[in-house]
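I am attaching a structure below and will ask some questions about it afterwards.
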Amino acid sequence: MKRCFLLFALAVFGFSAFAADIFNILDKPWDEGTELLIKWDLSSVIDSIHISRADSAGVLGIVHVSRDAKGEFTEGKLQPDTTYVYSLIAFLRSPKTSDHVYLSKTDGSALIVTSRQFTNLPDTLKTTLTIDSSPKYVSILKAEGFPTRDWFNRKKLPLLFLLLVLSTGILVFIVLAHRGTDLFIRRINGLDAMDEAIGRATEKGKPILFVPGIGELDDIQTIASLSILSHLAYKAAEYNTNLIVPCKTSMVLSAAREVVKESYLRAGRPDAFRNEQVFYLTDDQFGYVAGIDGIMIREEPAANFFLGTFYAESLILAETGFGTGAIQTAGTAQAHQLPFFVVSCDYTLIGEELYAASAYLSRDPQQLGSLKGCDFGKIVLISMIVIGVIFEISGSTWFTSMLNMVE
Amino acid sequence: MLQFMNVFGIWLGVFFTFSIFSFLYKDNPFYKLSEQIFVGLSAGYWFIYTIYYVMIPNLFSKLIGDFNANAILLIPGFLGLLMLLRIIPKLQWISRYPLSLVIATTAGVSIVLSLQTNIMQQITATMFNPFAAETTSQMIGGLLLIIGTICGIYFFYFSKKQEGLSAIPSKIGIWFLMLSFGASFGYTVMARISLLIGRLDFLLKDWLHLIK
Amino acid sequence: MTQDLKKTQFERRIIFLTLFIVVTLPLIFPLGLKTEITPLVQNAYDMIETAPDSSRIIISFDYDPSTITELQPMAQAIIEHCWRRGHKVIATALWPQGASMADAAFSFVIENGYKDKQYGVDYVNLGYKPGGTVTLQALGRDFQTIFPSDMKGTPISEIPAMQGIAKLGDIDAVMSLSAGDPGLMAWIMVASDKYKVKVSGGTTAISAPGFLTYVNKNQQLIGLLGGLKAASEYEKLIGVKGKATVNMDAQSVAHVLILVFITIGNIKAFRIRRKTRNAQMN
Amino acid sequence: MILTLIIGIIVIVSEFIPHPPFGRLTQTFESWFLIIFGFAIILGQISLVQVNLNKISRREENWIYHLIGLISLFVMVVFGLLWGTLETGGLLGQGESIQAAIGTKPFDYLFDNVYIPLSATMFSLLAFFIASAAYRAFIIRSFESNLLMITAVIVIIGRTSFGSFLTGWLPERFSFFHIPLLTDYIMEFPNTAAQRAILISAALGVIGSSLRIILGIERSYLGSDK
């Protein structure tokens, strides 16, 4: 009796371990609990498999069809923390004489397994099959899955690590700067020339045009542009030169107006500020450009500033501005538009220089600190590239693939 | 009527095409006219577009359709209304709240996003073995890619005066930038000329019927 | 200073005018400049050319009017090529306006020498379906559920050209003319990678380099047409002097003109430099 | 403002937590912003009308054009509100009788026949400007500017029909210098390197600025606090 039970237990254990080997459903790790990973591993005599999922009423619906004997697929859009029942139906292709069909007996039906799985089976579960002329042998397996919500996405671990390193670097330098450490920043060409351009405009008695780009206010480039505007508006107020700021969206308009107004206040000339200096044109890309072109031709500003996000309009603006003989300073992190600015403007802030500008101009220690922090980040990244390349050359890819965990 | 309106439409298009082109010669009443029509019309267009394609499907129809399920949309609706308070000078300060919500979120999102796509993916893409390339030119290319990227990043290193030894990588960085600017410029010429061809096509085909 | 400015403005006007004239002329009087066929275009051509007679070929119109200059000539050339080979063309669209682009392309080719081609028999326009990749995946399982009928509302079971097409795998080849997302990428991922259907694509010149990696030994992408130049090459392969060839003439001439401008600019700059140097010497 | 700090941190943290309510937070916020921006567009219109009315009432130079601009704005809005657009109906329904007369809805008629030509022509001005910019700027000067010019010239030639003929006679061994191939090579290696450098360093700039915003150091976009 005891022996009998042991045998039975062994058989059950052996079978369940081996069933999991053939048809297995796993919770997809590190997600919000809407996906399951379904794996199967069957003998190569399989013609095709159907995987179905039972809905709440228990009715099966096919979710995946494959011709591969071994494979996996991810099912998404599931409810988290719910048990799902899947069934796998395998169809046998008409066996050739050379095929070895390995079968395992279960309650009534038989399973098609690989030879490896077959060797590992307890003898009680092994069975033989006489291949008959009707090749549609079917085996059915059931398995359950339970998608869970996770609290941390481990795939993003390297990302988190890098984020911490970079932001700590920036924060440390901000704190240092706050404590009064002297921080050196090298010259940035276009920025030194800004004051000169304003001076020229004052001499000529012509206005200054500032274009904050076509980005919305939620674009960091636009914000960087506005902090440069704050500096320029201050200078313009000091020199008593007219400043014109056409905006593409109303959010930028409100922000730009505040910025200019505040700068005039700081320069002690709140009376010189008029609301119409900063105005909205249109939300349309080329409509906006048409409007600015008109302003450039008619008002003939002596200095143009194009700072922020720019797309195709960059060259239209820069060339029209050139035609009026203005000193032009441009700056954008839009890599594809940089060539046009470089070619037709007097000074161009390339990429990061746009973000560095406000720190450079204001000499505000906290801003300088963050700029220093970014420089520290550059060193970190350059070293990472060098290390990565060295590892790759030496034939080991773990470093790159570790970072690549981020999907 | 239909026939007339079609022809009239083409003539309208032709008129505005030439008005904009006339700007290339110099500013003139035709350009001024089309400029202001463009500004006005496009502002109106985006206004209507926002109402029909943003506000109605995302806010109003959801609120009307199933209020309870979408009641949370009242929050952005309310914040939006706060934005409108800008019109009243005394209440301007209130609009700062939606504004800082928007900007804070963007700041958070852009930190993660630029870290992932612009830093992580770019640096891992640069980590490869250039010597594994099949041809010599591919190998040199790979080396150029790695060196160019590193020197290019160094060009943006602001903490050091660019003189002496430390000026060398940053100089190489500039060379790469210039090369890239030249290439992008040349590459874009084609696309820009096709825009002109597209316009000329309209004039020659739809208007003058000179070509098929 | 103002004198200088006036002079530059004058020069600019001359440049603008010359460019305008030089681009217009080849459009009216085509030059028929020679084009060298590049391998990627040849591959795409061969995909259609070597397909068995009366194959069923999907042309997916995944673009809108903003890119017709580059993509419409490709559509026309490929339709003509398919018909010449006796293939049946099935038009689909992943972009809302793609369906009308398809209509325009069909009627253009019919007008130009293929008046005998019948709707439903030689070609069919299934119209626009949203959803990109997801839709295509569903198409891989079953055509009927995604496209129960064509654009005119005729059930596909009643359309002769659609007989025997139950799922994406029954299609012989796919040609996606794509201006962005969703488009060629979705076709590569689903039709080519998953259902092993031959896929070639046509894109704008700007986005073509991004697809080059898919033209590999796995043949995820068989051929690739990038921009107007590729379209003109395709026209050359089928022996038609079409829109792309004409536009490409204008394009090439404009490029040469710009090079001429650069040369003149340099000669001018050189002269000025020499003049100032002489002035300094005296 | 403590608000920015809290929200900023929540957004960053949510990136690493798939568990609700964080997992979908960013998407939720994005759909909210669409609505907030929607309201903001009204603000722009009001400002446009104000500025133009001012100019008109003061009879500033060119006031008549500004009047026309206002009228076009008004016409577009009224057409849109009354009869809707291609896919949507307006206050007066679909306007079938007008559609029958002019082929499309009035809003779309203006869009197709005025807006599109204006927009496309404005865009096509780039063809002229790219020519004049090349003429003026591509001059042999310093080493850097020569580099810029030479690559531009090679790529311009490489993208034409006869770029391939110019160097087609070169023997197989020198196929590297075949201009179309050379163009691809430049685009693939040095160009990618520079683009990457710009991307990476600009991304650092973005991270720095964003951190400053979240910490409340960068607040110029809000104007004064007083």
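As written, the chain order gives the labels A, B, C and D, with residue 1 at the start of each chain.
FYI, a residue touches a chain if its C-beta (ideal position, glycine included) is under 8 Å from a C-beta of that chain, and two chains touch if they have at least 3 such contacts.
Since this is a predicted model, take the numbers as computed values, not measurements.
Undergrad: Which one of the chains is farthest from subunit C, going by Cα centres?
TA: Max centre-to-centre separation from subunit C belongs to A.
Undergrad: Identify the chain pair joined by the greatest number of C-beta pairs in contact.
TA: Result: the chain pair B-D has the most contacts.
Undergrad: Find the geometric centre of each of subunit B and subunit D from their Cα atoms only, then give the gap between the two centres in Å, rounded to an integer.
TA: Centres of subunit B and subunit D (C-alpha means) sit 2 Å apart.
Undergrad: Return the distance between the CA-based centres of subunit C and subunit D, expressed in whole Å.
TA: Chain centres of subunit C and subunit D, defined by C-alpha means, are spaced 24 Å apart.
Undergrad: For subunit A and subunit D, what's the span in angstrom between their mean Cα positions?
TA: Once rounded, the distance between the two centres reads 20 Å.
Undergrad: Note the residues in subunit A that touch 2 or more other chains, in rising order.
TA: Only 159, 163, 166-167, 217-218, 220, 223, 251, 254-255, 281-284, 286-287, 290, 298, 335, 338-340, 342-343, 350-352, 356, 371, 378, 381 qualify.
Undergrad: Would you mind listing the residues of subunit C that make contact with two or more other chains?
TA: 8, 12, 16, 19-20, 23, 205, 229, 251, 254-255, 258
Undergrad: Subunit D: which residues touch two or more other chains?
TA: 12, 15, 33, 37, 40-45, 48, 62, 118-119, 122-123, 125-128, 130, 132, 134, 136, 138, 148-149, 153, 156, 159, 187-188, 195, 198-202, 204, 206-207, 209-211, 213, 221-222
Undergrad: Looking at the complex, which residues from subunit A come into contact with subunit D?
TA: Residues 30-33, 80, 149-153, 156, 159-160, 163, 166-167, 170-171, 174, 216-218, 220, 223-224, 226-227, 229-230, 249-251, 253-255, 257-259, 261-262, 265, 276, 279-287, 289-290, 298, 312, 315-316, 318-320, 322, 333, 335, 338-340, 342-344, 350-352, 354-356, 358, 366-367, 370-371, 373-374, 377-378, 381 of subunit A touch subunit D in their complex.
Undergrad: Of all residues in subunit C, which touch subunit B in the complex?
TA: On the subunit C side, the touching residues are 13, 16, 19-20, 23-24, 27-28, 68-70, 204-206, 227-229, 246-247, 250-251, 254-255, 258.
Undergrad: Within their complex, state which residues of subunit C touch subunit A.
TA: Subunit C reaches subunit A through residues 1-2, 5, 8-9, 12, 141.
Undergrad: Can you name the residues of subunit C that touch subunit D in the complex?
TA: Residue positions touching the partner: 8, 11-12, 15-16, 19-20, 23, 33-36, 38, 205, 209, 229, 232, 248-249, 251-252, 254-259, 261-262, 264-266, 269-270.
Undergrad: Quick check on the complex: what are the subunit B residues that touch subunit C?
TA: Those residues of subunit B that touch subunit C are 21, 24-25, 187, 189-191, 193-198, 200-201, 204, 210-211.
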